[in-house]
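Following this line, the structures themselves.
Common to both upcoming complexes is chain A, partnered first by chain B, then by chain C.
Take a look at the complex of A and B:
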């Protein structure tokens, strides 16, 4: 049976430096579907990143800044980029530290349109 | 948050679990309903009823799983309007416990599951040498009284 999320995840996973792409439920922090190519625990990344995204969205709302368009977390050994806010789904990518964030951002926003 | 236990070795892992998962309450109990440790409960009566009900819910789900497909159900998750609970077994090597976690929108099922896996690992590592599983018998009431006194300073 075909999965409607698969093409979205595969298009993101093709980007240079992308180690994993995930579609996660923001409220539950659970993976809806994922393309994992790295040795990390996908469940852990999904739960923590969804929690951060939710907090960022609520903070932006509380500060009257509007919706969160793009969320980025840079860490020593990688970065997490996420978009969402249109439904309960958050689209996120785990990338290498030197990955092109601009390109990833464009692809994530395109992918979000595909999901809508 | 109030954390109390009748077995000291479970206290630190449980405290860490509650803090990291941002749970509101957690209860570690034996499958029979005997309380091992609690975090976040303020009244003895809440612990008593929650532990009895949690043990019953877990036993019911296990039996339902057996009847439906012959397999044990490992986890139970229920959502309410503001609160959710997660109920799952913890195999410590010493004996089989179950853990009830109550959380709200500050946490999520994903976070609870991630940190619950850490809790299981920590409890297995901290668990003392195997001992026979407790059974409800003539000493049940005395044990219950002793445990409640240890947890709350009074029965």
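Take a look at the complex of A and C:
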């Protein structure tokens, strides 16, 4: 069965420093589709990142800042970038600290329409 | 003077295209009739829209009417028409000074002085320089007595705002002003502090080390947060038009300021 998300995930996976790209249901944290490196625990990444995005979205909404379109978390040894807000689906990327966030952001925002 | 006004009024009635409206408008302004002077100046400008002195007159009348924005606009028009117009440079120096933009005021006045504006500008320059020094010390003193000023000198445009929130979501410093100028710091702080708990949890489980910053773009703003000393978090918000790289630099500066302030507080 063809998967409409596959080309987007593969395109993201080609970006330098990208370790995983996933499409996740924000409400339950379950993976819809993913491109993961061997040995990665996709379910855990999906659940945690979806929870983080949901929390950011709800907090921003409660603070009357509107919907969150792009989200980025930087940590010592990695980064998480995500886009969503058009539906229950969140497109996210886990990347190394030296990954080019600017490019990843552009690719994520380009793919945002697909999630609607 | 009443004779002059009558004579110039007659002259203008005979020849509506005459430049005598400049003298008439100025005299009416000096005699405390800014509304009448404004009508004369506007009528003159209809016939002479590119006359620098006509815009200068309008700016000075606007000052009398306490309309600083209009005055600045007119003086900027004057400088477009005549970049060496000393009156406009002095005027813009005055407006900048009134707005507390002392460096800008100094720049305008220095240009005026270089064009030979005279002693009055030298005196004004001294005043502006003294005010700039006083202003810095006032901000320092205000930060010590009111932590809402903590980031005041780091925020360079009115759409930038920053707050420092403790681990329980209570605001320690800064203000968060909405478009209507209301301070929403407590509300925003309480809502956003919960995200940092979630970040700690996610980074721990994903084994990617301590979180360093979060950025999110919403419909109305771009927001960045970073942990700082004593488990507190700095939150910076800018308009969506601001590049994310600039937001990041602002976050770093506010983070450093917050850490310094928290450490100084702990030492006292």
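Methods note: the second predicted complex is superposed on the first by the 113 of 116 C-alpha atoms of A that agree within 3 Å, B and C clash if a C-alpha of one lies under 4 Å from a C-alpha of the other, contacts with A are read in each partner's own complex, and residues count from 1 in each chain.
Heads up, the rule we're going with is that a contact is a pair of C-beta atoms (placed from the backbone, for glycine too) under 8 Å apart; a residue touches a chain by one contact, two chains touch by 3 or more.
As the structure is a computational prediction, the values presented were derived from the model and not from experiment.
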Q: After lining both complexes up on chain A, report clash or fit for chain B versus chain C.
A: fit
Q: Tell me which partner A:28 touches in the superposition: chain B (first), chain C (second), both or neither.
A: first
Q: Please tell me which partner, chain B or chain C, touches more residues of chain A.
A: C
Q) Counting only touches as set out at the top, which of chain B and chain C does A:43 meet: first, second, both, neither? A) first
Q: Once the structures are superposed on A, label A:51 by its partner contacts, choosing first (chain B), second (chain C), both or neither.
A: both
Q: Considering only touches as defined above, state whether A:69 meets chain B (first), chain C (second), both or neither.
A: second
Q) Put simply, what angle do chain B and chain C open at chain A, by C-alpha centres, to the nearest 10°? A) 120
(Q) Just to be sure I read the superposition right, which of the two partners does A:114 touch: chain B = first, chain C = second, or both, or neither? (A) neither
(Q) Output check: A:106 vs chain B and chain C. Expected answer is one of first, second, both, neither. What do you get? (A) neither
**Q.** Minimum C-alpha spacing, chains overlaid - chain B and chain C, in Å
**A.** 9
(Q) Does any part of chain A touch chain B in one structure and chain C in the other, and if so which residues? (A) 44, 48, 51
**Q.** Touch list for chain A against partner chain C, complex
**A.** 44-45, 48-49, 51-52, 55-56, 59-60, 62-80, 94, 105
Q) Can you list the chain A residues touching chain B in their complex? A) 24-25, 27-31, 41, 43-44, 46-48, 50-51, 54
Q | Of chain B, residues touching chain A in the complex | A | 105, 107-111, 113-114
Q | Residues of chain C defined as touching chain A within the complex | A | 178, 184, 187-188, 191-192, 194-195, 198-199, 201-203, 205-221, 223, 237, 244
